[in-house]
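Presented sequentially are two complexes of chain A, the first with chain B as partner and the second with chain C.
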Partner chain A sequence: MRQRSLIAITAALAAGALTLTACGSRDDDGGSDSGSGDGTTVVIGVDAPLTGDLTALGLGIKNSADLAAKTANKQKYVDGVTFKIEALDDQGQPSVGQQNAAKLVADKSVLGVVGPLNSSVGESMQKVFDSARLVEVSPANTGPSLTQGPDWRTKKVRPYKSYFRTATTDAIQGPFAAQYVYNDAKKKKVFVIDDKKTYGAGLAGTFTEEFKKLGGKVVGTEHINPDTKDFSSVATKVKNSGADVVYYGGEYPQAGPLSKQIKEAGAKIPLVGGDGIKDDTFIKLAGAGSDGDLATSVGAPVEELDSAKKFVADYKAAGYKEDYAAYGGYSYDSAWAIIEAVKKVVDDNGGKLPDDARAKVTEAMQNVSFDGVTGKVSFDEFGDATNKQLTVYAVENGAFKAVKSGTYTG
Partner chain B sequence: MNELPQQLVNGLLLGSMYGLIAIGYTMVYGIVQLINFAHGEIFMTGAFGALTVYVYILPDGTSMWIALPLMLIGAMIVAVTVAVGAERFAYRPLRGAPRLAPLITAIGLSLALQQAVWAWYPDAKSARTFPQIDGGPFHLGDVTIQTGDIFLLIAAPVSMAFLAYFVMRTRTGRGMQATAQDPDTARLMGVNTDRIIVIAFALGALFAAVGAVANGLKYGQIDFRMGFILGLKAFTAAVLGGIGNIYGAMIGGVVLGVAETLAAAYIADVPGLDQFGSQSWADVWAFILLILVLLLRPQGLLGERVADRA
Partner chain C sequence: MSGTGPVEAGEGTLAHGPPPAPPGPPGRLARRRRTVLATAAALAVLAGVGYLYAGRPESRPDTPPPYPSQAVDLVYLDPVATPRTATAGPGFSFAVALSVRSGPPVTVTRLGQPYAGLSVASSPAAPFQTKPHSVRRITVTLRVTECDKAPRNPGLPFLDVTLRNTRAIQVHSFILGPRYAQHLSEALQVACGNRIR
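This part shows the complex of A and B:
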């Protein structure tokens, strides 16, 4: 009985999950082949976690991509083409992401996809998009292997020609954090924790490597289970390890409680993380003890760039309910890169979309170059952003404040 | 510094939480032989009930000493309402049906409750902060106890004592024991079994509500999915202690919590096992323990002593 019931739960849950993902209503008109120029609708797919723990980041991505599409329509940026967003929810799950990818591929009016947020989801979507030659631009994936292959440390090979990203990789972000923690914050003994996901483990790995190289000491490592909120045993270990800083590779739903519980256990040391924890929800979850915690994030602070001020103003004017969050600027740039590529393809084809529009857009993406929200947007031979700037943020009085911007150099 | 006392307290706290929820599984199973998989969600709705009282009913800045009892009552009202409603509309119509039918209903109800809170509770799409009790942590030698945990440390044994008294000493409690032993004979003897079953659901929800408030105070946040994993763990605790036995639920919870915590803290120090020692492996060790207990004592730690079954 007991075993049978467990199987039953699994089956029912799987069925439930499937139903939930299938109930997003769609109203595509499939008009990409209507060659007449006027009234052609190009759909830009968006895949991000719109429900669940990572909602704050996901909705920021969706809204920002939507803003890019609306701006292009208003400016009549591509003659005769109207852009539309179709946003799908991946719940941060690779399996759901893959289904979404298949769904977007099946809709012929989709010529590009913005997303996803999680590197692990990105991994599951790449192949589906690549075989359809549908271009994908991620505003947030930072796992190095996505663009440089699984052996990126020794031999860089680009696995998929249709995958691009506007975010920097963990290969840069981890070491950048290590340098700041060791040289600027003068912390020498670190306790490294990760959540075993592609993003978290990768980040923790590159951080550890650089921190040791600089002469720092790793006094303990832990892997947590992202399903629980009770990290008391880990917190007690951190306290007794004598570490003066904690590095966490993972995202804010776990980082917040983790920071809180470490401080409650009596270890008043800062928790440092990557862009996955740089969200106001982290501070909300971590409570007052989070003052002094650090997060690195890709690019210069959106609010401080001149190019970004217009974005922030437009975003506010558009009246979105949710904040643009950590990846807003990158999502806008990702969507705009797709718009630029579509424009190039339409211009080259005498003002209308060619039959093999998807392949052409993917080709055009490689040479896209424009001044975006986050600075100059263009891609190198692996599909990575050429803009490799990073910023360290510290929590001060309940808000993230930029403390240092720079680029990581070997 | 010796870490063991602190880790034991960590485990005890986690385990008390499991135990409070496990009582709901074990009572309902003891009486109607139904595994109420929606119980984790009843716990979750209780937490949102408490939050509603604090955020939307009480004036801003109410002292926690006044707010806490009211939040507890709010949590209980919501949890009991949901549980009794579930019994009346989801389970009672299926009382005569094969066992699998109410089980699937329970899973469906669990999903429905999660989605309902997600969809209709304000800002529940991501985690919501739960009010905290002010005041610094308390130190007893090597052990640090958070202010929020004090509530759990007091509430769990008090709840247990109340339950033992209720089941052993009151007329209704004896009616529950009779129904658990033999529902048909109990009915012939004049016990209103429908009422007893509703009371079993309500009592389980009451303890889940206490656990829900304790959970909010301990972790400072609640979300619509909090009941699912905790519910599974509590169910495991109930099985570990011997499902159907109310003392077993509490003891199973504490054993499970301590086992998980100690596994996370010490397995890595065993030579050759450092790969399997991190917190992400704690669940694996907890379930290995469950399998061992069930192999050696299939009836669970305390077993299902029919006389105490309620």
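This part shows the complex of A and C:
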């Protein structure tokens, strides 16, 4: 009787173990929302343009942050904490972004925010978040003043301790583009156009400054109204200027038609822009004539980063309808930085969130360091990413192709 | 039934030692026990192996080494005295530190700079190899070949370095920062004075 029982028990144990292993082997499919069940829910706010012209970039930000939260939940990365994304649409408008910041501050379960896309929107949100000691990590803001103050050229002063970013700044992006245009592309006469916004005007400014230092000549400047799509008069001015290149500080919804209309006006010269135009939509809007146009963007090309390949595969497996776009990797890393900071705070407080969790998370962010999608993620004394890589992309046969990468090591 | 124990003691309820051996030849019993134990052990091993197999890290193909540009740091150190040569004139020399963070050894096959009007040389001269987790100090010397074509005061000048490891060969720009920019501009002023455009 006992012998039979022993066999039965052993068989049952073995079968049970095999069943468990079988369950374990199916761990990969689905269930990415599974959190800690009875633990605490921490909300990571996301602010990005989810409607309007810049939707492609905004949805990439939202989805990538969502993927980070789901990955953390699946791995039970922070014991007892389930992460949830709360995404708000700023429509690319500073005033809407500021309202969103107030909404996120009012929700006490929000312990960090990923976003925004636009530097001008970022400017409008910083003070609101800082007053509430709520940490903000932008994957895409490149305006230097956001981290280094309005006088960053002469005296760098960090305006807000709660603001961080994973993307590098236009203090590097503009000169990097100028160096490529002047030295590699051998263009010496530039016509500079911008959209008068914080990002566009700032980037055009840093490009122009470096281009002139190198010996290049600015043969014309213009500002456009981003609410229109008729740039024919500017295109004519470009044609008549004798420029051999156009630099545009702004975003792809305007850059695409601008490039097209410049070529149609008879100036068969490349248009160059920053990360704001590095989206496939630019090529669609600019048409076949965009071959030869250039864009700089933050980070190294995806194909050079094994960590980025995993992100791309996971993003695809997660089934998001929209592309992760230019800032996907940076958005994932921004969200993961918040997750790391929350983990640090929870670990330091005996496995629970403290009462002053927001302040503690903001404090912890300064020392966050991990190997992310885009490389090593950490922040300097201004809240800027320590990893400062940039890549020049050229439109070739209707697609962006990486042509040169650089790393700032100063 | 209050106050009475189970009619038959269940498994694990015995207070004192095993029950008396059931009747039967002792040799047969021992064989049966051995069979049972062997079966149990085999099943346990099977279960264990299965568990370990299913719980193993996801089998991946061998991870390729990083691209050389993702494994190398190149940072500006300080100006240094220009090595004297019989054929070359004065120049601006500075030291950089090249470190390989990970992956296989990285060879610098070429070290260049993008500006017309300047030439570049290094010590050690390319090609040279640096092992992983090590740092190599390199002296770079820039010489002005044509003042008219030299840059005035580049804000973020860089070096173009061709890097090779077992994964790839790449040209990568290293932007050495404001100290390098300042020292380079000063050197250009000394070399060309007001002859720079």
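In the analysis below, the second predicted complex is superposed on the first by the 368 of 410 C-alpha atoms of A that agree within 3 Å, B and C clash if a C-alpha of one lies under 4 Å from a C-alpha of the other, contacts with A are read in each partner's own complex, and residues count from 1 in each chain.
As a working rule, a residue touches a chain if its C-beta (ideal position, glycine included) is under 8 Å from a C-beta of that chain, and two chains touch if they have at least 3 such contacts.
Every value quoted in this text rests on a predicted model; they were computed, and no experiment measured them.
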item	value
A:Ala300 touches, of chain B and chain C: first, second, both or neither?	second
Contacts of A:Ala318 with chain B and chain C, given as first, second, both or neither	neither
Touching partner for A:Lys284 - first (chain B), second (chain C), both, neither	first
First (chain B), second (chain C), both or neither touched by A:Tyr408	second
Partner chain(s) touched by A:Glu210 [first = chain B, second = chain C, both, neither]	second
Which superposed partner A:Ala106 touches (first chain B, second chain C, both, neither)	neither
Common ground on chain A, meaning residues reached by chain C in one complex and by chain B in the other	2, 5, 13, 20
Chain A partner contacts - residues on chain C that touch it in the complex	11, 32-33, 36, 39-40, 43-44, 46-48, 50-51, 53-55, 63-64, 66-67, 69-70, 73-76, 114-116, 151-158, 170-180, 197
Contact footprint of chain A on chain B as seen in their complex	1, 3, 6-7, 10-11, 13-14, 35, 37, 99-100, 103-104, 107-108, 111, 115, 118, 125-127, 129, 132, 137, 144, 146, 219-221, 223, 225-226, 229, 239, 260-262, 264-265, 278-283
Residues of chain A that touch chain C when the two form their complex	2-3, 5-7, 10-11, 13-14, 17-18, 20-22, 24-25, 172, 175-176, 179, 183-184, 209-210, 213-215, 300, 304-306, 375, 388, 404-410
Interface residues, chain A side, partner chain B - complex	1-2, 4-5, 8-9, 12-13, 16, 20, 51-53, 55-56, 195-196, 221-225, 227-234, 236-237, 240, 253, 256-257, 260, 264-266, 281, 284-285, 287
